[in-house]
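Note that the chains take the letters A, B, C and D in the order they are written out, and that residue 1 is the start of every chain.
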Amino acid sequence: MADIGRLAAFSDAVFAIVITLLVLDLRVPEFHEGQLAASLREEAPSFLAFVVSFVYVGVLWLNHHAVLQLVRGTTLALNWINLAILFGVVLIPFPTMVLASALANGDTDDLRVAVVLYALAAALMSAPWLVFFAYLRRHPALRASHVGQDQVRAQQARPIIGLVLFGLTGLLGWIVNPLFGLLGIVVMIIYHGFTSEGVRAGTFQWGRTGRRG
Amino acid sequence: MADIGRLAAFSDAVFAIVITLLVLDLRVPEFHEGQLAASLREEAPSFLAFVVSFVYVGVLWLNHHAVLQLVRGTTLALNWINLAILFGVVLIPFPTMVLASALANGDTDDLRVAVVLYALAAALMSAPWLVFFAYLRRHPALRASHVGQDQVRAQQARPIIGLVLFGLTGLLGWIVNPLFGLLGIVVMIIYHGFTSEGVRAGTFQWGRTGRRG
Amino acid sequence: MADIGRLAAFSDAVFAIVITLLVLDLRVPEFHEGQLAASLREEAPSFLAFVVSFVYVGVLWLNHHAVLQLVRGTTLALNWINLAILFGVVLIPFPTMVLASALANGDTDDLRVAVVLYALAAALMSAPWLVFFAYLRRHPALRASHVGQDQVRAQQARPIIGLVLFGLTGLLGWIVNPLFGLLGIVVMIIYHGFTSEGVRAGTFQWGRTGRRG
Amino acid sequence: MADIGRLAAFSDAVFAIVITLLVLDLRVPEFHEGQLAASLREEAPSFLAFVVSFVYVGVLWLNHHAVLQLVRGTTLALNWINLAILFGVVLIPFPTMVLASALANGDTDDLRVAVVLYALAAALMSAPWLVFFAYLRRHPALRASHVGQDQVRAQQARPIIGLVLFGLTGLLGWIVNPLFGLLGIVVMIIYHGFTSEGVRAGTFQWGRTGRRG
């Protein structure tokens, strides 16, 4: 088994576990006899946080998936950069839980803290991607044969946009209103979902067929 | 590595994690010295819910497995449809816990809520399959070479049946009696188990040999 | 990807998750300042149960691994038999927790219940293997080319021995002394570990080399 | 599927699960309205322990990954040695939790116990590697074709160093000061991270390209 295969399999497993662990935050609250329906309604914020984070991890998986198509092999350094990316992914259930908890039991101050924490975690997740593309630019031998220097440089714009916009989202939530920040996070996740398409420009497109292995 | 391989591996991992996480709902209740046997008997509803959901996730895995045999490659859109399917799968431990909790501590009203929730989750799980088959019909290039238009159209009947019957099961549980609804869920799961056979008609059959990779 | 590959990958993932989830039962007990060491000593029974179950899941994985070497392809029926085997595997953390809990907080009656539960779970785990080998005998096309009818029949002895001896171990724990039953469980697990060798007779042996894929 | 493939896949899954489960120790503490930020600050020790263990499991995965490059096939004995290695890996979340708990709620005595426990767990993790390399030296047929006797002997130095230095770190933490011990653990993990490079000498190096499968 070649290196990139085991890196991809390991990363896939981590994504799969994180996306599945999110459901553990949906706890059945204690309820008095006959009050189950009411108790479930109190879980609504947890459910909202669960959906947002499920979609987010899905987006991150698709992006990771698409980027690995550009790569032909790996090195110790690239393995560490990938571990730094996975660190951000593995962390997601924590700000998710904090957000759910703030929505359910907190006041506006608590929600502000939770939104900023989530935006911060998301912003920091863009950082290792910057290193990833910089490394890929300096090591052409690691790139798949169809991938040129320009293509890699074009990708580098994405994590910078992510870093800046998630940072601004956090500021928005902090200074203006935490609900605006929350909305900003949702918008950013949807934006990342649509542009994972962009990452793959030149490889294959929405509706075009990848071939089976 | 081709696309469908990583999609299948990721999906398998999610199914494996969900089917294993179900056991975490079997908690050892606090017990007074000498009362372990009695405490364990109180876990019976949790155990029943565990068995039902284990079989259900098993059925869903086999169906997913069988349907992927029809597919030759994937696109960004198909990846998202697959994520929507996995969303339903990942969610299962939650209605399972709610059902166990209602069986153990609830009255008839609570059980009604839990049964309807379970049926609803199951009905909604059929929805992305509808989109899946519709997408596959419009993109012949994604289909394995032996799979015709008629075959895909035939499959589309299955999620519609699932949606309607699980919906009726929920209504049955709500209006008539939650225990009837619970029975309906079990019957539906067994039905899906036997017809995952049907999905594979033309590919291979019960007792016929698939070949090793 | 051919069928047996996805069945093996799914099973491996389930084994890997179960063997890892066992550690979640090692909870850090609440402790008063300066009393951590004393609190940890109270975790000793949990640790013992963890070690026993880790080795047991390891043995089961190796056996599963070895038996799949005899198989060339799979059918819907064989997939269900495999799911029944995995059901037993997934269940293991529960009797493990019960055993740890009985060792820590229970009296002799509680320990008796826990030992019988563990032995019962282990005995029942042998049952689907009986069905597995019976099915493999009736479907020669599913067997790897080097595997004869006699070899399959020889394997069938193993789950019968497991069923009978784990059953006797449970009885021993119930009638005579739970500690004898606990000892019996440990002996049985070690026995299964050494004879996973036996399952592979004719394929390859302790110290002989399997080839890389 | 050849043996080493399933062993590698199983090991990867275990590493992926352990590295992801670590986040479950980051619990959102109960908080009074408006006190979320303060409550989160109390989680700082848990977060520190999480980061240390994430990096540690990452290092262990890379080392495991690198060593498997030396191996061509596996036997029952090697599978058991690998399970012993995984035992140490699976255990990590427990000393991590204990360390976090001691940092948050303990006094110096508790921290000493936690540091020694962590160092002990790390030292013991080196032991099965000793057996691994000794076994590989005695079974040349299991080695990849490019790997000589000298290379295996050179590797054997590493687990001995790990055993001795982690042992000394534990002593340092016990006799002198637990914070020195904690620092020692961090240094040792970083050292192991850099020398996973060394393990791979002759196979490929930092910045050199592994080929895709």
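Note that in this section a contact is a pair of C-beta atoms (placed from the backbone, for glycine too) under 8 Å apart; a residue touches a chain by one contact, two chains touch by 3 or more.
None of the values given here were measured: they were computed from a predicted structure.
Novice: Quick check for the class: compute each chain's Cα centroid; which one is farthest from the centroid of subunit C?
Specialist: Of all the other chains, the one whose centre lies farthest from subunit C is A.
Novice: How would the subunit B/subunit C interface be labelled, same or different, where same requires over half of its residue numbers to be shared?
Specialist: Counting shared over all numbers used gives less than one half: different.
Novice: So the centre of each chain is just the mean of its C-alpha atoms; given that, what is the distance between subunit A and subunit C in Å?
Specialist: One centre to the other, that is 37 Å.
Novice: Report, in whole Å, the distance between the mean C-alpha point of subunit A and the mean C-alpha point of subunit D.
Specialist: Result: the chain centres lie 26 Å from each other.
Novice: Residues of subunit A touching 2+ other chains?
Specialist: 1, 4-5, 9, 13, 17, 21, 24, 213
Novice: Quick check: in the complex, which residue numbers of subunit A touch subunit D?
Specialist: Where subunit A meets subunit D, its residues are 1-6, 9-10, 13-14, 17-18, 21, 24, 71-77, 79-80, 83, 86-87, 90-91, 93-94, 97-98, 101-102, 105-107, 109-110, 113-114, 117, 139, 141-142, 144.
Novice: What part of subunit B is in contact with subunit C in the complex they form?
Specialist: Within the complex, subunit B touches subunit C at residues 5, 8-9, 12-13, 15-17, 19-24, 26, 28, 31, 33-37, 40, 54, 58, 61-62, 65, 193, 196-197, 200, 204-213.
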